[in-house]
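As structure tokens, here come the structures.
Look for subunit A in each of the two complexes below; its partner is subunit B in the first and subunit C in the second.
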Partner chain A sequence: MKRFLIIAIAVIVSFALFGSAFAATADEIMKKSQAAFLYQGKDFKARVMMKLVSKGGQERIREMTMLRKNFGEIGGNQKYFMYFFQPADVKDMTFMVYKYPAKDDDRWLFIPAINMVRRIAAQDKRSSFVGSDFTYEDVSGRDIEDDMHSLMKEEKFGGKDSYVIKSTPKAADVDYSYKLSWIDKANNLPLKEEYYDKRGELYKVFSADEIKDVKGFPTITKRSMKNLQSGHTTEVSYSKTDYNIGIDDSLFSERFLKQPPKKWIE
Partner chain B sequence: MNKPFHKRHRETSATPSALCGETREFRLNPAQLCVYFLLLFFPVLCLPSFSYAADVSLHGFFQGNYSLGTRSNPDGGDFKWAEERVQLKLDANKEPFRLFLKTDAFYDHIDRKADMELREGYIDSTASKWDIRAGRQVITWGVGDLIFINDVFPKDYEAFFSGRPMEYLKKGVDGLKIGAYPEFASFEFIAIPIFEPNNYPDSKRFYMFDPMPNVTNREEKDPASNFENTEFAARAYRDIAGSDASIYFYRGFYRKPYMIPDDLNNTTKITFHYPKLSVYGASLQGRALDGVVSFETGHYDSRQDRKGEDYTVPNSQTKALIGYQRQLWEDFTIGVQYFTEYMHNYSEYKRAQPGGLPKDRKIGQLVTVRLTQMLMHQTLKLSLVSFYSTSEGDYLINPEIKYNFSDHIWAAIGSNIFGGGEKWSQFGQLAKNDNVYAQIRYEF
Partner chain C sequence: MKKFSLVEFSVNHPKLVVVLSILVTLLFMMQFPKMKTDTNPKNMLPATSEVRVWNDEVEKTFSLYEDMIALGIGNEKGILNKDTLGKIQRITDEILKLKGVAARDVSSFTTIDNVTAENATLKVAPLMQKVPEDEKGIEYLRKMLYENPLFINRIISKDGKTTAIYVPLEKGANGKEIADRIREIIKKEKGDEKYYIAGDPVARDTFGSEMFKLMAIFAPIAGMVMLFVRYLMFRDLFLSITLMMDAMISIVWSMGLLIGLGFPIHIMSSMAPVFLMAIATDSMHIFNEFYFRYRETKDKKKAIIETMHAVSRPVRNTALATAAGFAVLLFMNIIPVKVFGGLIAFGTVALRILSFSFIPAMFTFVKDEKIEKIAHAEDIGTDRTSQFLKKLAGFGTYKPALTVAIGFILFVLAVIGISKTKVNNNLVEWFKKDSDVRISDTVINKALGGTSVGYVVALAQDDDYIKTPEAMRYIEGLQRHLEKLPVVGKTTSVVDYVKRINRVLHDNDPKYDAVPETKEMIGQYIFLFSMSAKPSDLDNVVDYPFRRANIWVQLKTWDAKAMQNVINAVDEYKKANQTPMNMKPAGIAYFNLVWNHEVLWDMVRGFILALIVVFAILAYDFRSVKWAIVGYTPLLFTILFIYGVVGFTGKDFDMPISVLSCLSLGMAVDFAIHFVSRLRQRLKEAKRESLTDALLWTAARPGKGIVRNAVLFAASFAVMIFAPLTPYITVGAFIVSMMLLSAIMTIIYMPALIVLMKGWLFKGEKT
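Here is the complex of A and B:
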């Protein structure tokens, strides 16, 4: 009887293991992609240059240092610290986000001209980030559970084997009706995303334009988001990218919002 | 906005400069300005050698700022404000030190004078668990939006009512700030040896209530700069259950002048003074109700007249505000606040208040609404800020449009509309000062 039980358990366990390995479900692909895209390393730093290009070709620059630290498991809490270099009217401003899955962020803004740290209302994660075509969610990630994911097909994209995932928001008040993502099978990074509006027309396209290996982590160092309806595009490039640099928890505080340490923001 | 004008004791027309705290301003002719700028730029000229030792940056702006009254000023002029201004910000870092200088030079078309001012100038020294800032610095406390309870630091209401950029509402203080950051909470300790009063509108440019307009002999008495008069302020803050909690303490002076007539029945001279004040307060701000909820309270201990029997000194008060801010749709935010202040020993106050002077209410109340809509990739900002006192019936409405033409140039136009209430109430007395303003800035 005892032996029978052991065999039974072994069979069940091996089925469970093999089963999950074979059926790489859409949810799992998206989780892995989120881990590769937004949660790599214990912490992360980059000098971010955003170029906002209007339909008429006018360019505006948003330049900042972005620091991120993970708290807890993949897909869990994160803290972001941003210091702005450009444009001139926001220079020395700092911005801090405590990101929680499944609830609203906490956000703080420091305005140097009046030496004031203020909490800012942050209900809509689909709002534009600093006026760009990227939303807050595009910067810090969208909860996997907010969408229904399905694996549409597998195909080569830009010479890379990739999964094509369709993600449909569960909530009705999202600006897109569904999104198609091309996820690189090798490194799980999104190579391209297409956002379709309520009428089912393609209106926004994300593309990963350069991927580099940083400390063993494949990292998208150039990306763009193009709004096909407005003709507005945002191009983003990362420099001075680094991981596991030992960012202290205390950085994410009012003290350092007011006096950002040079060693972290340069 | 915490009652920029007091109803009993009125800032008046005869000696506006004495009330404006112009101790830090000095007049310069163009030649002197040039010399000053050379001195200011001297560190920059030395940059090549200096930069080996420190990390130096220089930024600033050129700005035009004009405000036109909808009717002529008391002195016959049309403009509440008309100036061109240049600001330079020098920032030099060499761990663990930092030097920061923010200097403005401007030409005022109304008074036809060139002036300059050191807006901020301090040295920071930073260690892992503490830091020190010494020099002229701006300190902002509390969670109110243009309502100040625990922010007991000097304000420039003339700037606010004249349509200058918001940063000019805050004045720096000359003092020392020590920050301490043990694990369980953070602390700020501030000592200010040199008293700096609030700045109120110039009575040549603004119509304001004056209970004794015929008395022209006026004098202002600042607290002397000595150890006993050094102002102290402390704040302790930390996170409590995901909200930002602070407690505050201040021991110093009211920054609004209160008047002492030499003889009530036959006044020939008015002396303005700044009575002693202590403030004990607390604030809490956190995410709630799909938005940000703020709460702040403070007790104003009027140390020179705790019984409330001296009409030349304000009575003690307890003040509180509650605020709520929420993003209703993309790039649109609404903020509402309710503020109330309660006067202690009101019956003593009523008894002591001389007959000819208007009386404050026992309970004052104010509601504010701020609407902000950003458009065109957050380069166009429409905002509406309004104050309405439910106890007095007076109001201030400030609509503004700001557009960033490029990453370097922005311009704003707006207006300040005052009215309602009594001829002595906070905004009611400004009813004849409605103005339309323009700000244009090139930033580098």
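Here is the complex of A and C:
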């Protein structure tokens, strides 16, 4: 009996070790992917054109300059600064986000019509980013530790060798029950993501539609997120993309929210 | 005559005819497994109809759902306690998992966005993310709820005792099935809370499924009652079953044809079996006459052929009149009405073919002695029914002036009643007062804004116009104007969101609970709202280029009238206040108004057309316009009386009642045709008989057939009075009274008219 028990324990332990080794690989892949996707360079700038397309084909445009600067490690703090060009009546509106891992973001919005800066509570990182199908997390990244990751398989996707990772949220209050990501083995960028709802039905699909090399960094310059249930799609394209341009820390302040320096936003 | 040879052929080859009939029936029956049903009243109008195209466009523009279920949760002690809130959370979570539910847009405490300001921080988050642990948390929630006008009367009643979870459905989902799933979810919860499930899809789909159940229960019961009454009349099971088969065969043929042609069975066509069963009772006249003839000839075959000879003309013409009456519906606009008309017309023709083939063939199988026994009782001299009928007809014959005068007074009363008719439709009132659907609807409508939703869409000429302060103020004013209507429980528009943001941005100062002064402010507030709220919140009330705004109007009743009131109020407001915007109604409440209206008036148009066609057939049949007028009178009176009574009792003139008018026409005309045809035949056959005697004879002999027909009909339809759905009760009560009335009108009133107008009627003919 004793011997049987020992063998059993040995088997379980070895499986557990094997399993965790597996998980570690998946976690590693996701970490690398996050670095390639959202933490590339010291800082980053792009002119972002967002097209929100309804099921009926109606379109809404959001055009902005997005500035990002990393503070600390990959997966660590980041600051975002956004200046809106479109829609026309929100021209001069600015939006700033301090992103912290494992903690609620800080967000500020400048409303030019009443010349007022307001803090915006950010309890829900899964809420829509400026009315699009992307969530705040889709834009600035989700903490790797918030999900359990496992490597499902490796396969060719769009002619590229890729890992398929299944990520299951640890918390229950997330809008999806799991996510499948196809990660390009060559540059670690996500090529496609599928979100499954609580009923296990596919409901949102992310796809990287154009990848360009910018200053040696492979960058997704066209992407889309489609909500299969509402039929709503958001298409995003980047132009004037640049890295390591030397954004000052001082840009990310309430003062510059009201009066953003032209050289950064143009 | 062709028909003649068919009868003779059938009598000579009865077995062949019966086998052939059954084979054809089996052929039609093979179509049955292909049966499809369609209970959605939306399909009453074609997909290309103006209202459907417009509603589809509105749904698309504003990402709206066609169907929404409201789950009301009530607690006498108030719902704001840990226990009830926990239930709301659990139930919402379970509902979100249901298939067919548009989970992303379910509105409940845990999913609805709340815009607040605290410590100079703007917060957009679900109203209740976690159930509050303590009193303090509950107080905070209470404050949040009552501070935000968007919530009051929507997810919280003013007295705090009722909340609702709004469950939008994906396209094509079955409302009843989802309602049943929700019922399973709430069954698991214990406690004092009461639950109410309401909404158009529940009412509609419950009605649909009940309807088929009813047809499966009541049509056979009606059939059995008919069988039983027939047996009482003829004391011969075989013949009673023959008559029953006659009806069944025609039902199988018609339904088989309908299914075979690929039409789905609709609310209206599901009533066809009962209608055909009713029309089949006309073959009663063949039996009636057969027994009389048999008594006279004592030769079965001869009696059959003679019977057919005597009744062929009226039977053929009643069939023609009925078929024509329904066939005019083929020229209507509404597809199910057309299908229904064609279906019944076909069934009626099938019935008549059977009357001249299948029925005579079956007669030959009956043993002579048996017929003799029954026929013995059929003597107009001794038979109690015949004697009674003679007396009835005698009243009209001997006191024609008095009869006509009484008739005239009743006529005037009926016209007064009809002038009081209220045209209205209410899907929920198709359920009985004590039904779940109706109770739920009443409770939720009393406590909250209303379960019936209509929209008023503001259409501007230019992009971004909706963002102007003028447009905002105009819409706000219109909302306040509409809310003055007692049927309107709540209105919601983009203005409410803008006002909310304005207030919240200014530290919750009530002074800012108003439309902002500039277009920039409005544009930026809307953008701010769209940055964090659910996309659908904004999509539901304004289109992408900001040219169109959607005002939600929650109605406290499903009365079609209610939406009409809203439309009138909008027009009123527009007259008093200028705007470059156009206002157009939409939504399910509007659709209900339109389709009910269309079906109803289509039926009324069809009815008037049928009246003309039937008159033409009468005139052709009698070869005399005068006799046609006389034959028409009982028919017209019966219909006028019934609608007069409907008007006096204040019952709504709705879709089911308008459908019945066609049936009443088709049936009531039968009696007149039989009476007039046989009377004139009698006058020709028995030349020395006086008009009075001939009238009395007609009342006693074919009159007996008429009364038998009426009683049979009434008895079987009386069953429907016990149905749980009011349209069936209406149909039952209507047919019972119509049959009895038109039989009596024919027996009493017609002789009176004939006597009074004999000079005019028989001018040129020898009396």
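Observations, loosely collected:
The rule we apply is simple: the second predicted complex is superposed on the first by the 242 of 266 C-alpha atoms of A that agree within 3 Å, B and C clash if a C-alpha of one lies under 4 Å from a C-alpha of the other, contacts with A are read in each partner's own complex, and residues count from 1 in each chain.
Quick note on the criterion: a contact is a pair of C-beta atoms (placed from the backbone, for glycine too) under 8 Å apart; a residue touches a chain by one contact, two chains touch by 3 or more.
What you see is a predicted model, and the numbers here were worked out from it, not measured in a lab.
Aligning the two structures on subunit A places subunit B and subunit C in a clash.
Applying the stated contact rule after C-alpha superposition, one finds that A:250 touches subunit B and leaves subunit C untouched. Of the two partner chains, subunit B and subunit C are each touched by A:120.
Contact with subunit C, but none with subunit B, is seen for A:55 once the two complexes are overlaid on the shared chain. In the superposed model, A:86 lies in contact with subunit B only, and not with subunit C. Applying the stated contact rule after C-alpha superposition, one finds that A:171 touches neither subunit B nor subunit C. In the superposition on chain A, no contact is made by A:102 with either subunit B or subunit C. By the touch criterion defined above, A:130 lies against subunit B and subunit C together after alignment on the C-alpha atoms of chain A. Clashing C-alpha atoms between subunit B and subunit C turn up only in stretch 326-334, chosen from 200-208, 236-244, 326-334 or 344-352, once the structures are aligned on chain A. Residues 52, 54, 58, 60, 87, 89, 113-114, 116, 118-121, 123-124, 127-128, 130-132, 232 of subunit A lie at the contact with subunit B in one complex and at the contact with subunit C in the other. Against subunit B, in their complex, subunit A makes its touches with residues 52, 54, 58, 60-61, 86-89, 91, 104, 106, 113-116, 118-124, 126-128, 130-132, 232, 250, 253-255, 259, 261-263. Residues 60-61, 63, 96-99, 102-104, 118, 120-126, 129, 170, 464, 467, 505, 516, 518-521, 523-525, 527-528, 530-536, 538-539, 543-545 of subunit C are the ones that touch subunit A when the two sit in their complex. Residue ranges of subunit A in contact with subunit C, taken from their complex: 52, 54-56, 58-60, 87, 89-90, 93, 95, 109, 111-114, 116, 118-121, 123-124, 127-133, 173, 197-199, 227, 229-230, 232. Those residues of subunit B that touch subunit A in the shared complex are 55, 59, 61, 93, 95, 124, 126, 131, 137-140, 143, 166-167, 169-170, 179, 181, 186, 237, 242, 244, 285-287, 290-292, 294, 325-327, 329-331, 333, 374, 377-379, 404, 406-408, 410, 441, 443-444.
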